[in-house]
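Structure below; questions to follow.
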Amino acid sequence: MAKTNPGWFFEDYSVGQVIDHAVPRTLSGGERALYHALYPARHALYSSDAFAQACGLPSAPLDDLIAFHTVFGKTVPDISLNAVANLGYAEGRWHRPVWPGDTLRSQSEVIGLKQNSNGKSGVVWVRTSGLNQKDEVVLDYVRWVMVRKRDLDAPAPETVIPDLSKTVAAEDLVVPAVLNFTGYDFTLAGEPHRWGDYEVGEVIDHVDGVTIEEAEHMQATRLWQNTAKVHFDATFREDGKRLIYGGHVISMARALSFNGLANAQMIVGLNGGAHANPCFSGDTVKAWSEVLDKAETGAPGVGALRLRLVAVKAGAQPGALKGDDGKYLPDVLLDLDYWALIPL
Amino acid sequence: MAKTNPGWFFEDYSVGQVIDHAVPRTLSGGERALYHALYPARHALYSSDAFAQACGLPSAPLDDLIAFHTVFGKTVPDISLNAVANLGYAEGRWHRPVWPGDTLRSQSEVIGLKQNSNGKSGVVWVRTSGLNQKDEVVLDYVRWVMVRKRDLDAPAPETVIPDLSKTVAAEDLVVPAVLNFTGYDFTLAGEPHRWGDYEVGEVIDHVDGVTIEEAEHMQATRLWQNTAKVHFDATFREDGKRLIYGGHVISMARALSFNGLANAQMIVGLNGGAHANPCFSGDTVKAWSEVLDKAETGAPGVGALRLRLVAVKAGAQPGALKGDDGKYLPDVLLDLDYWALIPL
Amino acid sequence: MAKTNPGWFFEDYSVGQVIDHAVPRTLSGGERALYHALYPARHALYSSDAFAQACGLPSAPLDDLIAFHTVFGKTVPDISLNAVANLGYAEGRWHRPVWPGDTLRSQSEVIGLKQNSNGKSGVVWVRTSGLNQKDEVVLDYVRWVMVRKRDLDAPAPETVIPDLSKTVAAEDLVVPAVLNFTGYDFTLAGEPHRWGDYEVGEVIDHVDGVTIEEAEHMQATRLWQNTAKVHFDATFREDGKRLIYGGHVISMARALSFNGLANAQMIVGLNGGAHANPCFSGDTVKAWSEVLDKAETGAPGVGALRLRLVAVKAGAQPGALKGDDGKYLPDVLLDLDYWALIPL
């Protein structure tokens, strides 16, 4: 037992601590093929080298959520193995695309701590960076989780609550220097809708649905080397159910959002996110989006949309998010707030 | 709702119309690995660079059905999203192999229209071409589907029924210029049977069977970016079943046919095909083939076999296709008529 | 029927016979991605080009068990299609890493035969070699199986029982010439435990578990082009269950053993192995290891551990292997004896 990783407990963290997460990973066309087999991902910029080249890129990058899940997965053994709840995300930015052949590793800095009043657990805030083989940051984001204490008698740390932006400001988004949407081919991309066609407040029902399978969510979760037992071991929870990794729902909803947001090609900012309710095999996932904000960028032909992406179970009412009590409705799985780049 | 793709309806088509289908796709070794994980595909020309090089090719191409499914999948949003039935295929030819790194897109021309007498739907014939990044045709075929009308009052178009060949003539098959089977290694290929060993009328029971899983047919269908809801959403059909994409059955049967047709390496012609009965998860698929015709080709050591490939449910009698009423037997899933290249 | 492969029967083998197995296979990053999606594989040397380069290798090799399964899978049509039981392994050695782009084929020599006293079957011993496109041996091992006779009246062959080593001697292990663990990064590898931290007799419970799914074991088994019907066809066995390929359990257990043996990077020897009990979909697989022996190697910073890797069903007691009757306990699935390289 002594040689296996018990995970970190609340009292193991201190503000300012830097954690180098294990198991760097080289990504290839194989990870992309699997991603496109596991999700109905069809954004043309990530599907076709020729399309990406027409937008100024050297070739099609890997889907932005491949980068996210890979970076996130590495943090699990050190951050969330003993997490009671995944509480939120903020200040996420994609700094540069990830290409087949890149090797990613993850590093986190503890930026906040607050012991719960019950003394049994506490909240840990970390800023996680994904780095490629050249030590360039490809992605960073803040995440906070509630983590159990090992020793209930361990003293509470000084409370430090980080001051986090509600949203990433449009001017802080990183647009790849070479990106150019002035020659964008809307026919090949699959829809005619451009930046100017979307209005703040507009809700889009993405119509399509996918029923979740055990073999699919487990393959996806392993692909990101996420090791949390609860996703794989049917004997771990008392009810015999395997909890779906929240990132599986994020990717499923994002892929479903192609139908209505086919041109929202590139994810560049993560403003916030909540895994509203657990998802299990057999659930049919659908999605709707709301346009929260719009911004121009300096890049030629490139606009930005701030979008709320909501994953729901089949039967939910598109646009319905919370009840009168302010709580998420029971058929809401995910409420994600992100920025995407779209042709003007 | 206005921004999502409702698909095309019968009155949206006109003869001569050319449709550029969306979402080009770059294929890699990842798609091949998945294909070989999802089907028991073992034809040596597509499995081994060394074997392909010994046959004159620069390396192993991607399986011919990867090209077919990729090209077909792109047409679904424009051709068959509102299709009531997939009626047939004709005049299919593979013009050149597809290699890892190639980017495929699809284009269809409407070549026939006939409104049904009930006025609620009609038949649409399209000739679809798959093009690579050099705009070379890699594959083309005719397909016809029955499509619903949106507006039942829309006037019927002039009836145009294309004059289609019953089979692709052997002299019209395209054999890659470099292909050479004179040094073919039958041991490495897995069977000793050559062109001369097959007789017209011969029936081969391929013996092996595979039980279909939801997670596998969905992964396959997504890999081709086929978006038809009926394959993914268990809430879509009243019976709660997900219909298996017909191409999944084609690939499964073709892969099973290795056992008895290991040397029928390269698919070059598609004469016709019918999805005789629906297939669902839990069905066990088996296959048998009948030799329909034989031809020589100009290429060194290369013969052609015209084969009927029949997918059935376990328990079916090999060779039994239709009942006395001329209809397919209930345990027949697929009846496919194709040309394959085999060493003389 | 005549054209399909009925497999070999006991009387078809003779000592000294060399069998070239069919369907060579070129491996790519796609096979690696699938391997990492199907198993929780996280050994850093096989996950990251950068990590492998820091250990002297040109890039990350494919996981050693990818090589094993690929080589093994090719032997199935000729060796074990009519096997009643897979009896054992011995004298397995990995001679050089396998890289994306390599093409593997398999060759077996019959080295032993013994007809059973019932006259209905016999034991066949083969030494199988996996060869790359340069005809270099990448792997060889001895395997013995019990095979049925086709013709019960066929005369018994002369009994030849090969003289097999109980274990591969440490000095016979092949360590890649360039391998160097002196600059090994334990943080990136995921655990601090080095060669000196393990003691002979030590038992490590790997804690994590994975519940087996039909779609996953079938994908894995097809990936190695293993054709045994019993893994794929739910109508083949009377109980309607698909037997899990023993190699799926090997890979699952090895991947689970990361937790406690993260630095046991490279598999170089296979001393023996038994598939103690059958595994089926729905079983939750866990694993424990016992340190059987330790050895130094000539390579800089590289030690070797001889490990017993035991796969069990959830609920089994770590360390418990056999009952008082000397038979494997019913919840033991696999007992594998191998050598791995680990930093000193």
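Read from first to last, the chains carry the letters A, B and C; within each, the first residue is number 1.
As a convention for this text, contacts are C-beta pairs under 8 Å (C-beta built on N, C-alpha and C of every residue); 3 or more make two chains touch, one makes a residue touch a chain.
These figures come from a predicted structure and were not determined experimentally.
Asker: More than half overlap in residue numbers between the two sides of the subunit B-subunit C interface, or less? Answer same or different.
Answerer: Under half shared, hence different.
Asker: Using CA atoms for the superposition, what rotation angle relates subunit A to subunit B, in steps of 5 degrees?
Answerer: 120
Asker: From the mean C-alpha coordinate of subunit B to that of subunit C, what's the distance rounded to whole Å?
Answerer: 36
Asker: In subunit C, which residues are in touch with two or more of the other chains?
Answerer: Residues 28-31, 33-34, 100, 213-216 of subunit C touch two or more partner chains.
Asker: Note which residues of subunit A are touching subunit B in the complex, please.
Answerer: My answer: residues 28-34, 36-40, 42, 44, 47-51, 59-60, 100, 187-191, 193, 197, 204-211, 213-216, 259-262, 282, 284, 314-315.
Asker: Could you pull out which subunit C residues touch subunit B in their complex?
Answerer: 1, 3-5, 20, 22-26, 28-31, 33-34, 77, 100-101, 103, 105, 133, 213-216, 218-220, 222-223, 225, 227, 229, 232-236, 242
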